[in-house]
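Two complexes follow with chain A in common, the first pairing it with chain B and the second with chain C.
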Partner chain A sequence: MSSRATALRRLMTEYKQLTANGAPDNMFTAGPISEDNFFEWEALIMGPKDTPYEGGVFAAKLTFPSDYPLSPFKMKFDPPLFHPNIYKDGNVCISILHAPGDDPTGYELSSERWSPVQSVEKVLLSVVSMLAEPNLESGANIDCCKVYRENRPEFERIVRQQIRDMLGV
Partner chain B sequence: MVSMSTPTPTSTAPDPTPTGGAVGHAAQSLTGQEDKDKVASMLPRSETPGVPGDENQLSEHDLYQLAQQLKDEEANKRPLISSAEPLSALREEYTNGTGNFLEKIEWLMSQGWRGLRRTRGDGDCFYRSLAYAYVERLLFADDQDLAVASTKSILEAKLKVLEQVGFEKLAYEDFYDAFVEVIDLIVKPNQHGRKLDANGLLEFFQTPELSNSAVFFLKLVTSAQMRSEPALYEGFLMNPDTGDPMGVKEFCERFVEAAGKEADDPMISALTSALSVPVNVAYLSNAGFSDSSHKVNFVEFQSEGTGLSGAEPITLLYRPGHYDILEKRADDLETRPDRK
Partner chain C sequence: MSDYMSEESDGEYYYDDDEVMGSDRAEDEDTEESEGEEADYGSMEMSVTALSKPKKKVYEVDYECLATSDIDKSMAKEAELLCSMLGVDISTSYQLLRFMNWNKEKLIDKFMEDPDAVKEKAGIADTPPKFTLPSVAPPPAPAPAPVASSSSSNSRRTTRSSNKTAAPPPPVVDEGWSCPICCCEPEPPTGVMALECNHAFCTDCWQTYLTGKIREEGEHSIRCMESGCNDLVSDTVILGTVPDAPKEGSVVLDDETKDKFKELLVRFFVQCNSALRFCPAPGCDYTVQCAAASTKSSLETTVPTVRCTNGHSFCFGCGEEGDHRPLICTIAKLWLKKCQDDSETANWIKTNTKECPKCHSTIEKNGGCNHMTCKKCKNEFCWVCMGPWSEHGNAWYSCNRYEEKEGVDARDAQSKSRASLERYLHYYNRWANHEQSARLSLDLYAKTEKKMQEMQETSELTWIQVQFAKKAVDEVIKCRMTLKWTYAMGYYLEKSNQKELFEDNQRDLEKAVEALSELLERPIEPETVASLRQQITDKTVYVLKRNEVMLEDTANGFLEGRWAWNTSISPFIE
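Now for the complex of A and B:
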């Protein structure tokens, strides 16, 4: 059994479960961009209520390695989202998408890490929590961290403006 | 917890792994500052130095990719698991060191240990060594059919435990299937009419995805064992970084299920018990001898029902921070272990 076959089987199982059960509170949807390639997914994430992201629907690309789930997938918002834990290019910096050894921005020791017991669903739930509660300890967008810390109304204004721009209103 | 992924301050003792240590260390501990520096030095200098966090901001993905590259390069230097080599080769590595290692290796040789099978020092060496030796002992069992059948029934029973402690089926079924598949090959020929032999076993464990699948399955089994009987393990679990006591669930999530986290005694004990297989660990350190007999200290991990399948215990060689497999064969060309 090749690793790609294992990864494919796992991805199909996850996709089947996601479509059958749906996400809690419809917080997101996710699935392969094309049925021909199960290793590239798109996720649509609803901006959580009572946050500046409310009302937005954010598209992200999930890229799976051929040895998934031994290795985590990568997640990139396209267009990039203004958030302390999202790089300016849209890549998400969250501990659950890193193995214990990979520690680019000094996550807290107690933060959750990638292991094959995680899944697309668990990661996306973590990303929704991250949107609601940024983690300034492991910031990815330093400018955004600064605005968030020093001028919260300005941070919220930028986020809302970005959502309006995305929606074209 | 002794782990190669948490570099310890340089001690006065000589490096216990003169050929393997440095490689293994670099290959896995890309969290360490020295490794970050190493990776950072491979990057172009930032145009605007001195801005805190700027380097990370520019290059997290570059860093990550360079780290992966470095890992891959190191990986090419030592296979995940190697062919057996004569123990005398290990002895040669210590001829210029202090006496204790030499005498201890010689003692092992005098006890009939003739070979060493090295495992890559990537933080998963205990699980990988155990997984390999676990299947190898079935390959060399007197009654292969019985050994394979009883092992498969033990593994199958673990599926219930995995489910009971709350793991989702999708988290373990593929890894279980891959592991049982290779065990089955010992007695059931594949579509080409071939059964598993020593070469096939080595090839399986040198193929990263298959090898890592087996490692991860054993980690899950270890975790499930600890989670299913927390009272047995709780008192022994602490955060290796802070020394604080930890609960079983949190400990398992962070130090058992995660990749590259080396096993310590509680994990070895849990896995020994879960798999019903006795494991002996020969501790090869530069410490003085406990008595005048100049023996190597063997720690036996036993559990109820161990030895059910009638195969020999698995024997691992531990040098500070690293596990390899001790063999009675000096190389893979010998078809059977030298039994007494």
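Now for the complex of A and C:
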């Protein structure tokens, strides 16, 4: 059986489960952008409460490889989000989306990384908690890390400003 | 080892031969030695006494070469011992040992303390499964379990707890179950497998997972696929050696992957055991056991050069191929690193060039006056004071005064930097020269082969009688290796009387080797071939002896702590 067929079946199952059960606390929604192409999804994530991101709704694009779930998918915030673990182009740097064996930062445990038993739901939950608690040890946006560490009010101000710009208020 | 022995007995043979043969040899040697120091005679006598003893020399180590099957046996031996001691089955014993990095004592200690904790940490569960999948059906109490499920559970149970006679465990999956990874709906039991933890996946996914872990990541202890689950996949599952296993519901890996897995097990065992080391030669799967060099501190005084059954020689201490005697591993490594670094290039640039004060291009002045015009940025400046040239043509000219003080300092700094560079180059050139000669050894062998052929044709010498030439080439190559490393050693030796003695030994050996090399280049003429043979044979023995002296003296020096280094080597000894 081709890996693409496996990927498609798995993606359909995940989509079905997500729509049927919904996300915990409605923290996010996710699904294919178009039913013609199950390998491109869009996710909408609510900014977690009691963080500078509260009140924002962030759109991200999920791109699945044809050998999913053996390889992880890619996640890119569009527009990019100001956060220590999100690259300036919007790509998310999180250990759960790194395939074992390829470790860009050098100190992630194999057990924290992608494995085929992970799912879109688990990854998005991890991203939500990453928004609330950035991991400064493996920063993707170094400038943002610096602001976060040295001038927290400034960091919060930039994030809030960004959310206002996004919402157009 | 047998190679060594035969070489040595050859040496003895030549030696005896010489004693009988001719006094002209002794004369020859006398002229060689006439400029030598007394200390040399002393060490020579020492080597003579050492030679007459059949026992191993001070610069050699005891070692044994093992094949993979020998390693397998010693692994099995340890595992079986643990089996009876801890009362676990053989597969568990292997896994526990691997978990503890084959540290038997530590494992026994911990296991005696709390067997369950050790087992749990190692991921060996023989407790009832704690987790249940949402799709796992509750065990139908007395009702007859579906035939399919029970045989599936049977297949996975046999993997580890064959000695268990308890009631059949709950079925792994329900009808209509689908694999959480690929979402396929295999026909239980053939398509489903779960470990003790009851995390069920289809066998296709298991197969992909295990193959990837073994082939791509090289893991020898593989956990259950479920994230966060600590359960180990047992060796019997991977190797397909589940005792009386039904074919269904089990993973079948291809032979290549199984072989790779076995190799990983052996590699890990060797890695954990400091008295074992793999032969670094590509494709060679022999392992050398050398207890004498298993500790870091022993490497400060010995250079454990070993040779595997395939004839690859390497250093047991650092895994460097070839032979870096007489220099110990740490300093040999230091030297190699220094030679690889382009720090010396930078040193040269610093010594010979200056930078344009404006655009910072590197400029080497190779003649002409001090009025420099940068080719790149057209900046005009004075080579001596580096100031702009425009000031030199008018009344403020001050280059001469500037030079008085700063110029002297600059010259001093420059000559100092040049001296250290020249010192390095002195040793490096000689080191590289011997390396180059050794690299050409294949050519030399081919040439000698031809000569030996020629000798047999033009003179009455028989095949056995012309072997002296090959023997001489062997010796030259061996000595060049020693000489090469003596230059690296010389670079790091602190100037002292000991170093002078060392250099005398080095000089004698080098002179003898060069003389022998030259003899080997001589044309073969029927009338002189007999005397040439005599000369080469004599010289070979002499060279062999000088090499012994060199190696023995340096080895003793390490044992006695006689060598003083001009660099701090302690940080490199972990």
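Note that the second predicted complex is superposed on the first by the 163 of 169 C-alpha atoms of A that agree within 3 Å, B and C clash if a C-alpha of one lies under 4 Å from a C-alpha of the other, contacts with A are read in each partner's own complex, and residues count from 1 in each chain.
What we mean here is this: a residue touches a chain if its C-beta (ideal position, glycine included) is under 8 Å from a C-beta of that chain, and two chains touch if they have at least 3 such contacts.
Note that this is a predicted model, so its numbers are computed, not measured.
After superposition onto chain A, the partners chain B and chain C occupy overlapping space and clash. Of the two partner chains, both chain B and chain C are touched by A:Ser115. Legend: residue contacts after superposition of the two complexes on their common chain; A:Arg164 is shown touching neither chain B nor chain C. Legend: residue contacts after superposition of the two complexes on their common chain; A:Thr13 is shown touching both chain B and chain C. In the superposed model, more residues of chain A are touched by B than by the other of chain B and chain C. In the superposed model, A:Leu70 lies in contact with both chain B and chain C.
Look at A:Lys49: by the touch rule set out above, it reaches neither chain B nor chain C. When both structures are laid over each other on chain A, chain C collides with chain B only at 312-320; the other stretches in 42-50, 78-86 or 312-320 stay clear. 1, 6, 9-10, 13, 69-70, 100-101, 110, 115-117 are the residues of chain A that lie in the contact sets of both chain B and chain C, per the superposition on chain A. Residue ranges on chain B touching chain A, taken from their complex, read 5, 28-31, 53-54, 56-57, 60-61, 63-64, 67, 123, 167-168, 170-171, 174-175, 177-178, 181, 208-210, 212-213, 216, 220, 239, 241-242, 250, 253-254, 257-261.
Here chain A touches chain C in the complex through residues 1, 6, 9-10, 12-13, 69-70, 100-101, 110-111, 115-118, going by the rule given at the top. Those residues of chain A lying in contact with chain B across their complex are 1-3, 6, 9-10, 13-14, 17, 66-67, 69-70, 87-89, 91, 93, 99-105, 109-110, 112-117, 119, 139-142. Within the complex, the chain C residues that touch chain A are 178, 180-184, 205, 208-209, 212, 216-217, 223, 225-228.
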